[in-house]
Amino acid sequence: MLVDQILEGLAGEALLTRHIKLRDMDAEALIHAKSAHVSIARTVAAMEQADGIVIATPIFKASYSGLLKVFIDLLPQFALSGKAVLPIATGGSVAHLLALDYGLRPVVQSMGARHIVQSLFVPEADMSLADDRLRVGAQTGAMLKEAIYHFKRAVESTTDDRFLGHPRPIRTA
Amino acid sequence: MLVDQILEGLAGEALLTRHIKLRDMDAEALIHAKSAHVSIARTVAAMEQADGIVIATPIFKASYSGLLKVFIDLLPQFALSGKAVLPIATGGSVAHLLALDYGLRPVVQSMGARHIVQSLFVPEADMSLADDRLRVGAQTGAMLKEAIYHFKRAVESTTDDRFLGHPRPIRTA
Amino acid sequence: MLVDQILEGLAGEALLTRHIKLRDMDAEALIHAKSAHVSIARTVAAMEQADGIVIATPIFKASYSGLLKVFIDLLPQFALSGKAVLPIATGGSVAHLLALDYGLRPVVQSMGARHIVQSLFVPEADMSLADDRLRVGAQTGAMLKEAIYHFKRAVESTTDDRFLGHPRPIRTA
Amino acid sequence: MLVDQILEGLAGEALLTRHIKLRDMDAEALIHAKSAHVSIARTVAAMEQADGIVIATPIFKASYSGLLKVFIDLLPQFALSGKAVLPIATGGSVAHLLALDYGLRPVVQSMGARHIVQSLFVPEADMSLADDRLRVGAQTGAMLKEAIYHFKRAVESTTDDRFLGHPRPIRTA
């Protein structure tokens, strides 16, 4: 629901959004890295065309979820090359705030991301349900707005790059 | 095969070893965190009784494998409490040497491990097959011996703790 | 010399550059965090006005230099708020490639940086001197060009933000 | 004061302790890496003879202090080879809990430490002064006791290794 709220904030005339839930993919294909499986292949194709990716994960055991990493392991090495990325996480305790920046960013970086904007950590205690809609605290709300603004700008900048015909970044090792 | 070689080096009068391959577990159970599934529940029970755990993973995208993390996410928060741990990884490039220490250790630490010995990184180029047996280079061989020696000592020390009736470590957050 | 080469690549009609060497600052002031000392205060003031910062460090003991961190510790918590940052490092071995992404980025991130572009790691073996000028290998040269291009674009985007009167990002904890 | 309290807890018939304050070292020698300076050389010599090292640091900007890293940069690459290490930190917010495990451990690991016991993070709010003595909360007190117990055991194990004439670990890169 947090992701849907962000996608709503992002959507506009110039921006199409799509929410892909890793949990709905085929378990066998994920675990045994069958990247040709239709549920995987379609997602990879959709990602290729995207200028920006929002990566959302819960924090378990001081790091991002295994489900996320299983999916990442299936992707081409530079699957995020030239793209804007917004990492967000929810966690039981603010003590896990650094897990995104220390744990997830180096992984995203290694896939050639062009711009990873400030990541967003939302403590579970700061979210509640009212009338089937997610409510967040005032500070989280403001940070959410910030994150959406900066991610939008990063996506635009990425799109400009593409029109300028700038080659994809070079990365080795 | 690298793990089997380490387990051979560890086995002795006082030490029973067992090799659990995450890849053989039920994919559905792993992805949907069905910890009651027999293939999961048995492994968790076996781990509970162990004094030491060797964690082996390839390095993908600058970090440990998603399969490993999916399994870790299924375990109780302090599943490694009071245990000795030896982290080992194989990787295509020595450029990923730091992935174990920066990426995996904090996760293992968060599960209450008592002693994580020096981790071992084996570059793929340093391994070969001869007569169906894994061969490693001289330096890797020496580091392997070192790792086995220290892990054995750490396991013994852990066992002593248990006989001394020392309570399990306290951890919060 | 690597930094000077990058600054040359950056300089142009619209961009003023300046190279600050931490090694020339007052040692007493650095170690005892005397942020009022003139050599510190001037640098902090110069940084405040900058739209982009290139952070260059050698890798020692699997992480950025202590000198860099001593200086960072002197800065206000959000000293990089709204700025573009390009992290670069030199190191004896490609085995330390991940030190920037795992070690330095979370620190830079915690200071509110708006856009940290792909970091650049240059192995010492890839640099040489010819006629008092630094020479780098072909691949490093291409990565350098990439880094300069993306950093320039990030700085421009940051400047636009400022003209749009967008408030500085909000960060807590 | 926190360190002194730990050293008190450690001291006994078989264990000599000594508290070295980095802040008292010569600033010039630290910043310009003059490892021959007497205040540095003496400390390095004392460390060489130690079986265990308690490393204490505040958390600034999501990581260990620059002063600590400046000192570490002065040490030989394997200055902690074969030693037991207890990392402790104080910080303004529990949000920085992971900074020790993600930030400091890889550095300590790279210096060949034999056993880094569970690190200890003490939030500033959990410490107070009463009659010129540091008071900590009940939970921190219990964790402190745990840490001292495990560090003592790790030091003993290290000492045994030395008497067994076991060679120092091999590390490369």
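Should a chain be cited, it is by its letter among A, B, C and D, assigned in written order, with residues numbered from 1 in that chain.
By definition in this document, contacts are C-beta pairs under 8 Å (C-beta built on N, C-alpha and C of every residue); 3 or more make two chains touch, one makes a residue touch a chain.
Computed from a prediction, not measured in an experiment: that's the story for all the values here.
Enquirer: Compute the centre of every chain as the mean of its C-alpha atoms, then state which one is farthest from the centre of chain D.
Expert: Chain A.
Enquirer: Which of C-D, A-D or A-B has the same interface as B-C, meaning more than half of the contact pairs match by residue number?
Expert: Duplicate interface of B-C: A-D.
Enquirer: If you average the CA atoms of chain A and of chain D, how far apart do the two points sit, in angstrom?
Expert: Taking the mean C-alpha position of each chain, the two centres sit 37 Å apart.
Enquirer: On a C-alpha centroid basis, what's the spacing between chain A and chain B, in Å?
Expert: Taking the average C-alpha coordinate of chain A and of chain B, the gap between them is 29 Å.
Enquirer: With chain centres defined as C-alpha means, what is the inter-centre distance between chain A and chain C in Å?
Expert: The separation of the two C-alpha centroids amounts to 26 Å.
Enquirer: If I count partner chains per residue in chain C, which residues reach a count of at least 2?
Expert: 62, 93-98, 101-103, 106, 109-110, 173, in rising order.
Enquirer: Quick check on the complex: what are the chain D residues that touch chain C?
Expert: So the residues of chain D in touch with chain C come to 23, 27-28, 30-32, 60-73, 75, 77, 93, 95-96, 102-103, 106-107, 109-111, 173.
Enquirer: Would you pull the chain A residues touching chain C in the complex into a rising list?
Expert: Counting only chain A, the residues touching chain C are 94, 97-98, 101-102, 105-106, 109-110, 112-119, 139, 142-143, 146, 149-150, 153-154, 157, 161, 166, 169-173.
Enquirer: Which stretch or stretches of chain C touch chain B in the complex?
Expert: Residues 62, 93-99, 101-103.
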